[in-house]
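Below is one structure; the comments refer to it alone.
Note that the chains are named A, B, C and D in the order they appear, and that numbering of residues resets to 1 at the start of each chain.
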Amino acid sequence: MLDHILSILIFFPALAGVMGFMIDKGSIRAYGVAVAFVEFALSLWLWFAFDSNVSGMQFMENIALIPSFGINYILGVDGISLFIIILAAFFTMIGIASLTETKNEKNMIITLLFLEMTMIGVFSALDAIVFYVFWELSLVPMLYIIGAWGGPMRIYASVKFFLYTFAGSLVMLVGMLFMAYFFYQATGTWSFAILDWYRLILPESFQLWLFAAFFVGFAIKVPMFPFHTWLPYAHGQAPTIGSVILAAILLKMGTYAFIRFSLPLFPDASVFFMYPIAVIAIIMIIYTAMVAYAQKDVKQVVAYSSVSHMGVIILGTFALNVEGITGSVFLMIAHGVVSGALFLLVGVIYDRRHTKLMSEFGGLAHVMPRYATIFGIMLMASVGMPLTINFVGEFLSLLGFYEQSHILTLLAGIAIVVGAIYMLTAYKKMFFGEVTKDENRNLPDVNKRELIALIPLAIITIWLGVYPKPVLEPINNSVEAVVQLMHNKSTTEEAKSRIPNVSGVVISKTSTREAH
Amino acid sequence: MEKYLYIALFAPLVSSMFSALFTNTPKKQFVGIIASLLIFSAFVSSSILLTHILDGGDIVHVEMMTWMATGNLYIPFGFVVDQISVTMMMVVTLVSTIVHIYSIGYMDHDKGFNRFFAWLSAFVFSMMILVMSDNFAGLFIGWEGVGLCSWGLIGFWFHKEVATWAANEAFIMNRIADLGMLIGIFLVYWNTGSLQYDIAFPAMAHLDSATLTWMGIFLFIGAMGKSAQFPLHTWLADAMEGPTPVSALIHAATMVTAGVYLVIRSNELYDLIPHVGLFIASLGAFVALFAASMALVNRDMKRIIAYSTLSQLGYMFAAAGLGAYWVALFHLMAHAFFKALLFLGAGNVMHAMHDELDPFKMGGLKKVMKGTWIMMTIASLALAGIFPFAGFFSKDTILEAAFAEHHMVIYGVLLFTAGLTAFYSFRLVALIFHGEERYKIFGIHPHEAYKFMLIAMSPLLFLAMIAGIFQTPFFEMVEEILGATEYHIHSHATLLIMLVGTQMFVGLAILYAYKKYASWSSVPDGSSVIENSFIYKLLYNQYYIPYGYEEYIVKPYNELSAALWEVDKKVVDASVDGIASIFYSAGENTRDMQSGNLSTMLKWMVVGTVVLLSLAVVFGLAARYSGEIMSILSGLGV
Amino acid sequence: MEIGLNHYLILSTILFAIGLVGVMRRKNLLLLFFATEILLNSVNIAFAAISHYYGDLTGQMFAFFVIAIAASEIAVGLGLLIVWYKRHGNIDLESMTSMRG
Amino acid sequence: MLSPINVSLESLNLITLAPMLIPVVGALLILVIDIIKGGLDKSLYVVLSILFLALDFSALLDSAGIFSKDGIMLGVFDVMLVDGIAILAQFIIVATSILFIPLALTNKRFHEFSYPEFFALFLFMISGFQFMVASDNLILIFVGLETASLALYTLIAMHNRDKSFEAAIKYFTMGALAAGFYSFGAMVFYALTGSIEINQIATVLAANGYADIGYVLVGVVFMLASFGFKLSVVPFHTWTPDVYEGSSAAMAGYMSIVPKIAAFVVAMRIFEFLIHSGIAWLEVVLWVLVVVTMTAANVWALVQTDVKRMLAYSSVSHAGFVMAAILIGSTQSNSAMFLYWILFSFTNLGAFSMLWISRQKELPGYQKTDHSFEKFSGMIITSPMAAIIMAIFMLSLAGIPPFALFWGKIYMISSAVTGGYTVLALIMALNSAIAGYYYIKLIVYMFMKDPIVSNVDNNGKLYVANATLALKSIIGFAIIGTIFAFLAVDPLLEFITAFVYNSGY
């Protein structure tokens, strides 16, 4: 079973989703939770069986799909993707368990199960086309979730989300086709296998163009400034579960793809574009943090804060050294946990008051102390308090990038200031002061169903903040391999000097081939 | 010894978590008691460790577990008990034990009683991490942790707008400094390859001075925030909105001294960059004077003490900057005792006066609050540096150090500030405890605090009086790690003159304060000449710095944020929507091409053909006459 | 003056152009069909001439096929025309604009 | 005068004619049956048509077997040319026809299916298309084209509504003009080369080195206009939306696939040798036409209010996309064209069938046209299965993986990449994003809007009102084909590539 665990992980929820049509409406939630729990257990088993000392791909599967065009169904996980997969399974589980939408619950749960398939598919695909399939397919359930259960502008928001990301990924697709073509030119066979592509050394000019093509797709997904404007709408209109999964998992696809594709395939271009991207990342960090500060809707605050944090992830990724990339991968997980939790928390109050405007609240700490406490923990994690999960990632990301540029890191570090400003202000507006609105006086505190979702997240937030090693170590091993690959593949002097040589042993050139 | 280390470190955590269990339940007396006991056990462990170190025992160094390890970076949870940290541990645990016990009484009627202890103990835990960590990352954990707890405790009464505002202000200002600290840490890592003190500091000796200077500056920026040095000082006065025990523990004795601790801990670094040290010393001296000047006119009891704290922190930085690390540390310790005492006394007064803070509305309280009066007077004497109280030994040594290092400006400023300190301290004492009982106008019936609170304070009183005798053993203890030198003024005569002169100067200031305020009888209403003088207004408004921050930083930030949001909607997003709507409106505008009329449709076909045809003809002609065209073009010089 | 191939071709082209103009200008369905007939028949002239010029029969064959097709086209076309006339009482192109946009 | 002709039957190679003759025989049989006994049920004719088309298909299999063994076949005075692309195109034509003909078995009664002539014409039309693709003789192509077209006009008109007559007349008139263009173009080539065999023309033109390039281009322009009409290339596309709207959904779906593949094959034969000869003019013009057709049609589709009309514009856009294959002119691109079209026919079959089963006889007040978007509001509530199926077809058309069209799309774009048309590849890709909007629009209506009250009341019967087992099976077939296309792509690709390559394209 372990040989095919990734396929099982991908298709089990999809199959269960199809079967879900047969389940009675009243029992569908129990069904959803059960399926998601099994899936989560399987993902934990994957972790258990995962050998964290191996830096390469594990649990590889390879089935020919369209061999004449080089498309194969190749799966595999390494330390970089492993934890995002687990996170996806985890969030689907608690998302279904804490679901508060009652309208068309059955459709929602089936959609979520399909979404889970696509998410896990993206992170375990090792063939560019398979990756692309899941990448695009993930838009569809999300489109439905936002569009059917969202707020008043839900259709605008969902269509915008869909088309924007779709447009970006099409450019990426052209890039992939070019990449496959270059591989074909170099070797005479078509291949979309990422591991094959890793062996291809492209001239710098090609790298720059391909990097740009991939960048468009990834940047919109992340989303990077100035492509981020779909995100506030999507989050603002999406139902709680939609926002949670969007923030926790879907955004990570972009940053993950940077590490999976852009860096190892185009090391020279990565170095070339490092500064421009770092500048964009810094704009993301500061600009969106300031915009977040100006928001009146608490969900928008969290939404913009996501963009801000994604900036740090991007920065860490383009540190191009082990510390930075490890940090950014860890921060992906951290941000997933924390922003997911924050969106759940916003959902809690939205369910009670049906508004997300901060001016409608105030003094909630009096009436909902438990809620305030959990919100506070997540708030502190969000602002990067040490011993919470976010800090580890942010610290390592910034630390990593510091090697590349001092000034830019200093600017990026403003994140910890501006982040605190908008988060604390929002918290103050919502929780502090006297209770001013009568509707708020008798709000019930978080109930059991909500705690089921929130308590585990709080525990993870602290646990991985204090003891990140079980996660950090596998990530580190895989990242080292990636950095080493980049170092070996880089052709320009600058890239050689920017990308550290991890092991100090240069892999012989025989395993790499030169493209024309 | 490791056992004691762990007890000292984790007893506060246990206490915090235990208290946190009851945060949402009504007040439970036992929470306070158990918390106090646990903190006390930490104190006992610290004492054991202190004796161990004093006995010349080995430095206790443990590595609990790995925290972060990636690439070349390796950060463990490592703790070290050496001469510096054990001093800090003693200060922290002692003051916090007292504050915990005191708080049982002080927070008696507060419904957030349990929550208070959770936060307070959490603070102690963070502070212990801060001082005990054996690396910069651990230090940073504590550093941020105390910031967090400070946030929670300043804003403890979260229904008060000012309190939560002050909490956020403190947090954010500290964050600005923390950024500097973080950059400093990155510098350390990328230049020395480690964040462990025992690896990083020795490695620094081989670095070039520019790098070290940056390192020193950035780390000091971190220290500036935590220790509320100019220009990041405004939060400290505002932080007085928190409960008074918090002010005593966090904003007087421990957290604000973390910056000093950092500089002392990094003495090996700052020894290599004396120019930065001089800057630190100068800034310290400036802040000492600057803060003292603001304390002169303030009418808020706690703020006066807060400014005094600020001023004393300036002294500590002055000492540390001049390389007199052990003096700074000693003053830190002594200051913790008497300043905590002063704050707790102020807390008693506040309780008695139903949270009234204006000393002009008090007066004559010594009759009803004898114990508090004595304690605050002695604490003020210690603060003023009167022999034989603690402040004399610590503060005068700083003056001596400045003198001996030939930094006469710094010396002069510090000396003058000593006079100011004495003046405003006793202005406060005089206004509160002497003169007419002005509080009667406001119908307040003051009473003395619980006895156990006074008893709890007594160790501080004791230490404020006698801490001076520890100077020599302390020096001997820290000597080996701080590489300290004793500051010998050239001759005993000079020394004597200096000492006596200082004492007399300070004494005169005290007398002047008493004379002016001991028989004060009215509540100023802002109409007197002095209150309308420029200097008074300048000082009373804290040099208009908070105003300036509000006007030139906060408001522009708000406006810029709002403007950026507009930009986000109306430029960035609108351009995306614009591209989409270009296509859509192109469709709308050209759909009439499909008029549904067969004639039009046929015309489109014919027109299309004709256009293509003419293109073909042009191309055909061009191809046929290409030779001629070429020659014409070349004739034209193209 | 001798009539050469070019003359035929020019005639054919002129007729074709007339047909095109007719196609564009006529608002009556029947006249429109006439115009299309002119188009096809103009081509026939050219085919016949070219066929003669090359001395092979292919062009003439083509012309015959064109005639045949033109005839069947008109059969279908007139059928449609009659149905339309029955339902609407006119054969104006203006009346056929129910679908647009 | 003429020398007597000796023709051996073997050299006629009549086997090449067999696939075309089978439907003709079938059509005649149907007519004969009707003469003998009228008033028979449509199911008889449907099944008969299917049987004959199945025979046709097996004859094609035979040809395919011979082709893969012996290569290109010529027959009937070398008028017939049975090469790989002809066989492939016929496969598509016949198979699609087999799948479309059962759509006549509707639940509701429709006028046209009660006439056996409908089925006879249908079979004649198929025969016409088969002739069209299996020849490089311009006369035969013309004859095939017109046979098929005239039958098609009639089939459209038989739907017997005002709109369908209007559609038929528009289509017919423009078709007549296009026929004029075609014959004029053929005449120009004949005048230039003295031949009407495409490969002869190519040889002669190449031999004199395209000396009369201007005249060649005149011929090319008329051919472009003529096939532009058939392929609905902007600005010759104007008939498409109206005709689609006027005809029944089943017929519209059919039209979106079969006539176009026939036209594509002929366009390949005519234009690709010119492209390969390096005529820059044609390259530029085709590039512009491809881009304009794709983009403009997409833009117009954005603003449509009727699903069928939207799908009409969408098929224009798809045709533009596939036209790129002719421009690129490599084996990969031509294979991509066939692959794309096979996958496209599955999806479009499904999409139009879904419209067809929801066809009402009477339009309620909120509905201006047969398939206005409003009709599909909230379909997920009232008729979830149908909504999901329809959504999958839409996603496939939008090029969302892993549904059928995605694979065609990447192969086509990849051929553009390989052929060095980078900008074109990007435009092709980004057009999918524009197209995404209107496909998603239907999904938005189906999944995100509230249902119309009357639909809730009758439990979503509206959307399957016209459904019978036959129609449902066709849709089931289409949906399976659409979802599991990725399993079929590889064998298809190998098969197609071999056939295309061996035909010299």
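What we mean here is this: contacts are C-beta pairs under 8 Å (C-beta built on N, C-alpha and C of every residue); 3 or more make two chains touch, one makes a residue touch a chain.
Everything numeric here is computed off the predicted structure, so don't read it as measured data.
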item: Partner chains that chain A and chain D have in common; value: B
item: Chain B and chain C: spacing of chain centres that average the CA atoms, whole Å; value: 94
item: Interchain centroid distance [CA atoms averaged], chain C/chain D, Å; value: 26
item: Separation of mean Cα positions, chain C and chain A [Å, integer]; value: 65
item: Rounded Å distance between chain B and chain D, as computed from the means of their C-alpha atoms; value: 76
item: Sequence positions of chain D contacting 2 or more other chains; value: 169-170, 173, 177, 241-242, 303, 437
item: Per-residue overlap in chain B, given as positions that touch at least 2 other chains; value: 580, 591, 594, 596, 598, 602, 606
item: Sequence positions of chain C contacting 2 or more other chains; value: 23, 32, 96, 98-101
item: Touch relationships between chains, expressed as pairs; value: A-B, A-D, B-C, B-D, C-D
item: Chain D - residues contacting chain B, complex; value: 169-170, 173-174, 177-178, 181, 213-215, 217-218, 220-222, 224-225, 228-229, 235-236, 238-239, 241-242, 281, 285, 296, 298-303, 434, 437
item: Chain D - residues contacting chain C, complex; value: 138-139, 142-143, 146, 150, 153-154, 157, 162-163, 165-170, 172-173, 176-177, 179-180, 183-184, 186-187, 190-191, 194-196, 241-242, 245-246, 303-304, 309
item: Chain A partner contacts - residues on chain D that touch it in the complex; value: 380-381, 384, 395, 398, 400-402, 406-407, 410-411, 413-414, 417-418, 422, 425-426, 429-430, 432-433, 436-437, 440-441, 443-444, 447-449, 486, 489-490, 493-494, 497
item: Chain A to chain B touching residues, read off their complex; value: 160, 163-164, 225-230, 232, 287, 290-291, 293-295, 321-323, 326-327, 363, 365-366, 369-370, 373, 380, 383, 385-387, 391-392, 395-396, 398-400, 402-403, 406, 409-410, 413-414, 416-417, 420-421, 424-425, 428, 431-434, 466-469, 472-473, 475-476, 479-480, 502
item: Complex contact set, residues of chain A against chain D; value: 21, 64-69, 104, 107, 129, 132-133, 136-137, 139-140, 143-144, 147-148, 154-155, 158-159, 162-163, 166-167, 170-171, 173-174, 177-178, 180-181, 184
